[in-house]
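The structures come next, written out as C-alpha cells.
Shared between the two complexes below is subunit A, which pairs with subunit B and subunit C, respectively.
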Partner chain A sequence: MNSYVITVGTFILIQAIAACGLNVIVGFAGQISLGHAAFVGIGAYSAAILSTRFGMTFWEALPCVIAISGSIGFLCGLPSIRVREDFLAITTIGVNFIVESVFLYVPFFGGALGIGGIPRIYFWGIRLKGASFFLLCLTFFILAFLLVWLFSKSWAGLGCISLREEETAASTVGISSVKYKLFAFILGTSLAGLSGALYAHAMRFISAEDFGFPASVMLLSIIVLGGMGTLWGPLVGAIILGFLPELFRPFAEYRLLMYALLLLCMIRYQPSGLLGENSLAKNVFGKLLQRRVS
Partner chain B sequence: MTLFLEQLLNGLAMGSIYALITLGLALVYGILRILHVAHAGLYTVGAYVGLFFYSSSGSLLIALGSSMAVCALLGVCIERFVYFPLLKFPPFVPLIGSISILLIIEEVCRLIFGPHIHAFPASLPFPEVSLGSLSISSMLIGVYLITLVILFFLWFLVKKTSFGLAMRASSQDIEIAEANGINARRTIDLTFVIGSAVAAVAGVLVGIYYNQVYPTMGAVPAYKSLALIVVGGLGSIQGAVFASLLLGIAETLLIGYANIPLPRDAIAFIAMISVLMWKPTGLFSSRKGA
Partner chain C sequence: MKNSQPFSSVLSVEALSKRFGGLQALLKVSFEIREKEILGLLGPNGAGKTTCFNIISGVQKPTEGKIFFQGEDISGLPPHQMASRGIGRTYQIVRPFGSLTVLENVLVALGMEKYGKGIPFFSFWDTKANRDKARQYLKLVGLEAQEKAKALSLPLGNLRRLELARALALEPSLLLLDETFSGLRHEEISLLEKTILGIRARGITILLIEHNMRVAMSLSDRIVVLDHGEKIAEGLPEEIAKNDRVIDAYLGRVKEDGLA
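Up next, the complex of A and B:
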C-alpha cells in the first residue's frame, strides 16, 4: 500500500470512530444531534493543549480527553430531556456554532491561528507514523466498534432502542428516559473525543474551522448513508464518503456539488441508508441469501 | 444620544431584514413542521436573480418581480419533489434533505457567478428623512416600509382571508383539514410560493443594503433564522417577527457598546439556548410541546 492510500484510510477510520459515537446518539437513542463535530473539536483541542502546553504524552492525555468531552457531552445532553426532536436539532446546531466561535475567539485556544506543533504518538518508544499510525487508528476503531456492539446488546442499549421506538410506552414499563438518553450522549461524545484526539495527532495542526457545522453535517451524512442504528453503517458510510472525494478529484470544481447531490438522492430515495431496514442493498442481498437457503 | 439613536435605527433595519427571512421559515414550519434550512438558499438565489435582472434591465421593480417569481417556483419544486414525499419520516430526514439543497444552491451559484463578491449598486427610491440632528437614509426608510408592507400583507392573508383559514387548519392537522374539504396540497404549495417570494425580497434588500452578493451569503442566516423561530415559538409568526427585531437591535447595540469577546453570530444561539432552557416551547408558543 502506498502512503497516499494509508493517509486516506487513516482519516476514514478517524471519521468512522466519530460516526460510531453519533450512531449511538442518533441511531440507537433516536436523539437528533447536528453538532457532533463540536465534540470532535473538544477532544482535538484538549488533546492538543494537554500535549503541547502540559507536556503530557498521548496515553496520559487520552483519559482526560475522553473525560472532558464526555462530561461536556453530558451537559449538552441535558437539553434532550427538556426539548424534543426539532428543538434538539436546532439546539445542537447552536452548540456547534458556540463551540466553534469559542475556539476561534478565545486566545487560550489559539484564536484564529489554531494550535500547531502537536507531537506524534509514541508507543513503547516507537514513533507512530504512516502505516503504524493507521494500525493504531484501526485498533481504536475496533475497540469503538466492540463498545457499540456491547452497548447494543446491553440493557442500556435495549432501553435506548425502546425509547427511540416509543417513548411513552417505554417509560410506562419503567425505562428511565433521562438515564438512558444521557448515557447515550456520554458514550457518543466520548467516542467523538477519542476521534478528535487521534485527529489532532494525525494532523499535528488544528484550527476551529475543522470542527464547524459542515463537519457535523458530514458525520451525519456518514451514518445516514451507511444506515442509522446499524453496527456497520458508520464504517460503510465513512469509507464511501471518504473515497468519493478522491474519485471526484479530476472534477475538483464540481466535487462539493456532486457530494451534495448524492446526499440529496440518498435521503430522498433511501432514507434508511444502505444497510438500514427496507434498503435496496438489504432487499437484494436478503433475497439472494433466502434463495440460497431454500 | 444621536449616535445611540442611529445605532437603534440600524439595529431596527437589521431586525427587519431578519424578520423578512424568518417569516417564510415560520410559515413553512407552521404548515409542514419541516426545518426548511434551504430557505436561506432561496434568499441567495433571490439576491443573484435580482442582481442579474437589475444589471440587465436597470429597473429595480423588474428585478424584484423576477426574483420573486424564480424563488417562488424553486420553493414549490423543493416542496413537491423533496419535502412532501419525506413527510412520513422522522423530522431529521427532511432536515438533512434541506441542508443538502442549501449546499447544492450555494455550489450552483458559485459555479455560475463565481466565488467572488458582486456589488449591487442600486438605491431604493425613497426620500431621506431628517429629524433634528438625526437623518434617516433612504435605504433605512426603504427597508422599514417594505418590511411593514409585507408584514401587513401577511397578517391580512393569514388572519382575514379564507386561504389563511385553510392554511391555519392545515397547519393543525392536514388530514382533518382535507376531510373538511380543504385542498391541503394547494394550500401547502401556496404557502411555499408566498414564503419563497418573501425570501427573494429579503435577498434583494440585503444585497442592496450591504452592496454585496456572494454564494455563501445564506449560510449564517440559514441557522440564525432557525434560532429565531425557536425563540419566537415554532410556527408563531408574531413571535418570529418580535424575536427578529429584538435580535437585530440587541446585536447592533451589544457590538456598539459592550465589549464582548464572542462574535455577533453566536449571540442568537446563546439567546436561543437560554430561552429553551427557561421555556422549552419558545416565547410566544400557544401549543404545548413540539
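Up next, the complex of A and C:
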C-alpha cells in the first residue's frame, strides 16, 4: 500500500471512531445531535494543549482527554432531558457554534492560528507515522467498535434503544430516561474525544474550523449512510464518504452537489441506511446466506 | 401494633386532584384497592380515568393529593421508580417499541431490576435464559407464535396483548390495565378475560379501566365510577348497575323541572 492510501485510511478510521460515538447518541439512544464535531474538537484541543504545553505524552493525556470530552458531553446532554427532536437538533448546533468560537476567539486556544507543533505518538519508543500510526488508529477503532458492541448487547444498551423507540413506555418499565440519555451522551462524546486526540496527533496542527458545523453534518451523514443504530454502519459510511471524494477528485467542484444527491437518494430509497433494517444490502446478503444454509 | 383496617390495602388514593390549566381533570378522588382484588374504574369519556392511571404510574404528577402504595407515600415519583416498586401498566393508545421484535419488547421489561442499579454495562440481555423467560409471558397472552415479528407489524389486538405481556414481565404487584379490551373481537375478549383472571390468581392486584360494560361488570370485584373528574359511586358491580347517578352520567340527566 502506498502512503497516500494509508493516509486516507487513517482519516477514515478516525472519522469512524467519532461516528461510532455519534451512533450511540443518535442511532441507539435516539437523541439527535448536530454538534458532534464540537466534541471531536474538544478532544483534539485537549490533546494538543496537554502535549504541547504540559509536556504530557499521548498516553498520559488520553485519560484526561476522554474525561474532559465526556464531562462536557454530560453537560451538553442535559438539554436532551428537556427538549426533543428538532429543538434538540437546534440546541446541539448551537453548542457546536459556541465551542468553535471559543476555540477561535479565546487566546488560550491559539485563536485563529490554531495549535501547531503537536508531537507524534511514541509507542514503546517507536515513533508512530504512516503505517504504524494507521495500525494505532485501527486498534483504537477496534476497541471503540467492541465498546459499542458491548453496549448494544448490555441492558444499558437495550435501555437506550427502548428510549429511542418509546420514551414513555420505557420509563414505565423502569428505565430512567434522564440517566440513560446522559449515559449515551457521555459514551458518545468520550469516543468523539478519542477520535479528536488521534486527529490532533495525525494532523500535528489543528484549528477551530476543523470542528465546525460542516464537520458535524459530515459525521451525521456517515451514520445516516451506513445505517443508524447498526454496528458496522459508522465504518461503512466513513469508508464510502472517505474514499468517494478521493475517487472523484477531478470533479472536486461538484463534491457538495454529489453529497447532497447521495443523501437525498439514501433518505428516499434506503432511509434506514445501507446496513439498516430492510436495506438492499441486508436483504440481498440475507438471502444469499439463507441459500447457503439450506 | 393494631391494624384498624379490616382488609389490607395495596394502593390508596387520597383526595387526588389534577388540573390542566383551566381544566379540572380530577377533583379530590379517593379510593382504595385491596389485595388480589380486581377494581374496575368506570366513567364516560373525559371522566379522568386515564389521568388517574397516569398519576398512579408516575407519568403525570398530581396537583394535590396523595397516593400510598403498600403503606408508602409514592405521590409524584417518576415512572421508573413506580415500576421498580411494583406498579405495571398498559396504555390505551398502545406504545410498543416499534422496530423491536415482539420478544424483544418483553425482554426490555425483564431488565427492570438491572436498570435501577448503576449502569448495567456488563450484563447481557440477549441470553437464552432471558428469551425463555420472555416467551413465558408471550405464552400467557397467546402471542408466542409472533415472537419474531416486528412490533409495528402487529394488528391492534395483538399490540394490546403485547402491552399486557410487557407489563406482566415486570412481575408487578399492582397491574393497571387501560382499556385492554377495546378493539378486540368477541372471541378474543373471552380469551383475554380468562387470562386476566389467571393473572389475578397469581396474586397480582388489578386496577382496570374498561368501556365494555359487560366485561367490566363480570371481571371486577368492585367498581369505582368517575364523572367529570369526581368520584360519583363506588361499590359492587350489581350496586353500580342500579345506581341512579351512574345511569345519569352514562345516559344523560332527565331535567326535573321540565324547563329548557
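Note that in this section the second predicted complex is superposed on the first by the 293 of 294 C-alpha atoms of A that agree within 3 Å, B and C clash if a C-alpha of one lies under 4 Å from a C-alpha of the other, contacts with A are read in each partner's own complex, and residues count from 1 in each chain.
Keep this in mind: contacts are C-beta pairs under 8 Å (C-beta built on N, C-alpha and C of every residue); 3 or more make two chains touch, one makes a residue touch a chain.
Keep in mind it's a predicted model, so treat the numbers as computed, not measured.
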item	value
Which superposed partner A:A197 touches (first subunit B, second subunit C, both, neither)	neither
Partner chain in contact with A:L264 - subunit B first, subunit C second, else both or neither	first
First (subunit B), second (subunit C), both or neither touched by A:M218	neither
Partner chain in contact with A:A61 - subunit B first, subunit C second, else both or neither	neither
Subunit A residues touched - subunit C or subunit B, whichever exceeds	B
Partner chain(s) touched by A:A169 [first = subunit B, second = subunit C, both, neither]	second
First (subunit B), second (subunit C), both or neither touched by A:V236	neither
First, second, both or neither for A:Y105, with subunit B first and subunit C second	first
Partner chain in contact with A:I32 - subunit B first, subunit C second, else both or neither	first
In the complex with subunit C, residue positions of subunit A that touch it	150-151, 153-159, 161-162, 165-166, 168-177, 179-180, 183, 277
Subunit A-facing residues of subunit C, complex	57-59, 78-80, 82-84, 88-89, 91, 95-100, 104, 107-109, 111-116, 119-126, 166, 169-170
Residues of subunit A touching subunit B in the complex	26, 30, 32, 34, 79, 82-87, 89-91, 93-95, 97-98, 101-102, 104-106, 213, 217, 220-221, 224, 253-254, 256-257, 259-261, 263-264, 267-268, 271
Touching residues on subunit B, where the partner in the complex is subunit A	33, 35, 81-82, 85-86, 89-93, 95-97, 99-101, 103-104, 107-108, 111, 223, 226-227, 230, 234, 261-263, 265-266, 269-270, 272-273, 276-277, 280, 289-290
